[in-house]
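Take this structure, written in structure tokens, and hold onto it; I'll ask about it next.
To keep things simple, chains are lettered A, B, C and D as they appear, and every chain counts its residues starting from 1.
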């Protein structure tokens, strides 16, 4: 058995094809309606509403992992394709409408925020995991504070031990002056997000500066501190990138909920006033 | 003497203020002209032309480093501010014009490419240097191929020596099978561009896999190879990012030249047909 | 017939029975089955008395108590000292009666109901409904518990049974061979048994002719023929020929029966030591004297590579190796030393079918008219080429397998493998697991990693389920359907034996609570009651394993490494 | 008066004069100035004869040849054996006449013309126009060249001169003190001179009373008073008092005169060894016996820190240290050991003004009415606080200075410092340099880095220009205006002395070409003619240094580390 993860291109393109077909049919339909001087926005609007409803189902399905509702992976793929479809349908729908008014503009903005956050999220979900893997460590997000606290304790007990055993405070002083800042909590967040090496550079620099003032024995302690600093660096990296992976949903989901609510109200208004 | 590099915020904002003022005056002017039913595009057009002319002067100034024409740093700052000013003036100018025709559309596209490449270039020039510094090595772009060739030679002579001295081919086989690919030329270009750690991960993995099959003595050679691989990794990183720094200009400058040429032709046409 | 020896520096640090007295030992020596043993054949460091005192214990069962259960993995045999027992021959007793967990798939409605019935408090148990719990009765003496049958007469009516009386020995094959018990035996009357753990049993077999003959005969009669019959290369033989093969077959055990107890300690040593410490079953370059079949456990197939050994593949129960080399030698090839080294991964019980017998019953058959010689010859060379492909693999290509073998993940049949290059760390899998287990996740999305592959801390449902060894109530057992290893929460007495045995730390002990969230304590000592918990592959869920089902990025699989070749990402989705 | 000793394992491996014979030595021993030396005072390993043979050489100058030039850095002194010479007293000879480069700023038009006159071929020289080249005449014997004056009578008319005849010694102060020659001396007639390099001179002074008295007297007369007068703390003294201070002042030299020749080798050793090998001028904790003034060279100021020394700052020519400690002691403070250690960076010539004299002429003055005692006391404590600020600095804050001192970049007055956090590696600086130098860049945008700071391989125009030591034609020299170190391409004979001396590898030897791109070769041996090239700070360009001017990101500065504190980026532009 060869494990083949992910769906085959054929399968993906099949769904993309279906989505395109749906769009084209809707488009032609609206053109037909326009030609017969009807209100084509109704047609595109209803299809768009259907797609949006389907998109919001993904969130519900996630709450029902024990129901036989097709694997989440298929849902995710369809949600993604559906998201793009909704974008195209939105353009079709709003172009047909022309002007929109304040309510429409708010809805448009919210819709775009949802779409863009979705695209960004998709991009991050496809790119970041590999970056995390390359870091060479693996850690559960919620455990990061405890892990860093553990590292800090280890470092500080090392430094205490060094001071006691060798009787010099050079390492301890330098720790208090500069290194303790680093071990306090996750650092270099933005730099890590952008894939920088600042963190590594900083740690190396700080240890290098100190090295010349240490005896052979103290250097052994410094080496250990350095190893721990390196370990923390990788955890910081995870913290930054895993934070990204967690937080984009905090934009996407509330915005999507807002869009859904506004769409329903929009629909009610239309039904009441136009039909 | 304290070295303070870069211009003070006061100074920068002064120039930004001047640029804003120029824009506002032009705007008011076009509004006045519009009110008196004149062709406001002439006003905004001429100002825009003046700004574009100033922008293109930067390229000429670079060819005259020996002339007392104010430091390049000031030119660069003004070029940047001027670039944004041109963008705003462009919007003013084209909005006033309404429809544009094919020539206008081509010009618009070229203008946008120039602007966007400029903004991207600016962003990269402000972000990448720091990333390069953090790599811990420094290398001149043109020397990279030679440097990599040098590393490769060193690695291969190490491996030959290992084979001869210890009489086993484990390291040599692994080199031929996997590592030689890496040492051939700059690798992991895209990953480096996006700040990934794939390269580091790959090298570590390859060496780790091999380690268990080596004797103590062979491991010493592997360690040396690893050090060289690490060195090359940093050079690859420089290659990727320095390439970015070099290549955006290959878009920006020709596009800017094309815009200038088309603007002049545009101006001639206008002068001939409208005045 | 060889049994590999091993050093036991702390041989009897932990005696089997805590209360065995010298009087007990003296009493045992008067029993005919024991007194028949030639005491002087035992070496000083491993005297008969020592074995009796340290590797055996006297246990008492009340009428109706189950002594061994069908399907259990035991590590001891029993000698009846007093009383009588019943062997349930046919049909086997139903799982519930043995204290097994009953798996009933939920209905759609029951599944859906979980959306709101899921509890906020962790590890809540409904104490009142735990009626099966009454099946377990504590035995004071050993600090452990027995499961008992409630309606023995009905069983005797319904099932075909056989009796065992004073002097009968049972359970020795499962204990020595690490195979599941084949039938259930319960006490008909109050009984007294001598329980001998596998270490003692092994010594008896080693130093005493009588025991050896007894055990070996039983082995050949009960297990060997069936195993050979199930092996593809001997499937064509008639009963008589098979018997001849069986008679000639040697059985050998390698490694430590309880490797799992020391495995985690070994992990901290240098990796390469692992394979160097493994008992060698066959050595690369040596002349092959027969086909090797794996009866239980795993064997690593490796070749010399540089200063170490490169793992090519591994053999599990039912696999065999060596036909190709012997076949080529039989065809007249010279220079047909073994191309690989075979070592025991932890513990392996091997069958060795000698060359002569193979030539007679296999090669003769291959070259007979019925099954074209050429075809078989071709097949042999296909196998040979397949092995050569393994040998030609680069270190990089083979590294993942090397790792999986090193970490013993090959033991798993349902290892939770996550492709970290796809995993967005969203924990949807953990939430799904929690939702499918009343709010309690049954695994940790963390574990050992290699390149982009992580084997998470979830029960792998091992082929060789070492966790099941020594469970006193049979609460942890292999499901009759599906083969997964599950725990019956009702009969679990929280003794932690399984959790301590699992070399992968995939069983977690939890303190249970009542509906309001208070810890449920033992009324006798006020200590919180513990339960062993682990992945049950969502046995009662209609959707199958919720974790895999819930992964939006198709990053997770439950795999058997033996059947898996890992591929790189194919598409982004 | 102390001169630190040093081991010289290969003392005479490379004799000064390649053709000194034993006869030559014997002949020298008959000369009065030499025969007056007490030969028996010299140790066996460093005999007078040995010094004469290895550290001295007989050189001949034709009438009109310049022997030493005002402003040159020489490493040898001369004893007139035969003939007569002229010292040009007033006014000094113009630069052109000495073979210096004439700097004329380009006009706007000349500057602009460079746009199209710049050559495509590297290192083109217009051979015909090199008329000054005829100033140089080769001397066969030593394989080197002399610059000669063309119209000696006119010079004698225009300039005030003094004569030097047989037996005269000159050039010894500049050679021992590493200071520029104070006047030009040329041969009036054909002359024969004994040239003694500084090593030999130092031995003479060490072992012979006569030479010591002579040299020290001259030093005090010519150099000491002027130096003390220029030092701020003694500027208030009248001539008489100053003389008293001068008479009491000790002069000491530390380190190796030619540290620059071994420096690059040292660089490969462990960094921390650097400071450990440096000769100690004053030790932290010791009682201060006087104020230390730096006459030439650099001294590192450091304190004990952990297992090493932390560099606080450094002292250059004109700086002094120790007033604070003595002042406090004089005020009655106990426990006023030196707060810092002072060591010689490479080579340092120090003046030590003893405490007694300082108390008499300085502290008495400070506490006198004219200049308020309180003010001075305050100033002393300001200095003290400033030093305390240095001491309180964290290792991180002080690291850049530590590095600059370690790498001896503190020697530079115009070090090319690039902030790599701003530098976009566009090489506009290199292109600008090239454009300003006829198509030939005069530096490499590469060099040692620390954090984000790079000191590029461009001439730093050192305070202690070791490159100038030993230039046979004075082609490399310090500009009379501006103080930068420049090379006269016309008189450069391509001997590579300067390039080899530069410890920073900032001088590059190039093969010159004619207009068509062919290498210009020496007609005698057909070897390509070399020229030393380096940054001249765009001396003849109206825009100033083109590199800094051309940087669009303001990433580059020419700095004197002594006057520089580096700041982080302030704004993006």
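Keep in mind that, in the parts below, contacts are C-beta pairs under 8 Å (C-beta built on N, C-alpha and C of every residue); 3 or more make two chains touch, one makes a residue touch a chain.
Note that the structure is predicted; figures quoted are calculated from it, not measured.
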Listing by label each chain that touches chain B and chain D gives A
Which chain maximises the distance between its CA centroid and that of chain A? D
Comparing A-D against A-C, which pair counts more contacting C-beta pairs? A-C
Provide the C-alpha centroid distance between chain A and chain C, rounded to the nearest whole angstrom. 43
Nearest whole angstrom, what separates the Cα centre of chain A from the Cα centre of chain D? 62
State, to the nearest whole Å, the distance from the C-alpha centre of chain A to the C-alpha centre of chain B. 27
Could you work out how far the Cα centre of chain C sits from that of chain D, in whole Å? 84
Can you list every residue of chain A that touches 2 or more other chains, as numbers and ranges? 130, 133
Residues of chain D that touch two or more other chains sit at 451
Graph class of chain-chain contacts, one of line, ring, star, complete, other: other
Report the residues of chain A in contact with chain B in the complex, numbered from low to high. 127, 130-131, 133-136, 194-198, 200-201, 204
Residue set of chain B touching chain D in the complex reads 1-9, 12, 62-69, 71-73, 75-77, 80, 125-126, 128-130, 132-133, 138-141, 242, 245
Across the complex, what residues on chain D touch chain B? 106, 108, 111-112, 114-115, 417, 419-426, 428, 431-432, 435-436, 444-446, 449, 451-452, 454, 538, 541-543, 546, 548-555, 557, 559, 563-567, 569-573
Under the stated contact criterion, what part of chain A meets chain D in this complex? 168, 170-171, 174, 177-178, 205-206, 209-210, 212-215, 218
So in the complex, which bits of chain D are touching chain A? 271-272, 305-308, 310, 394-396, 399, 402, 451
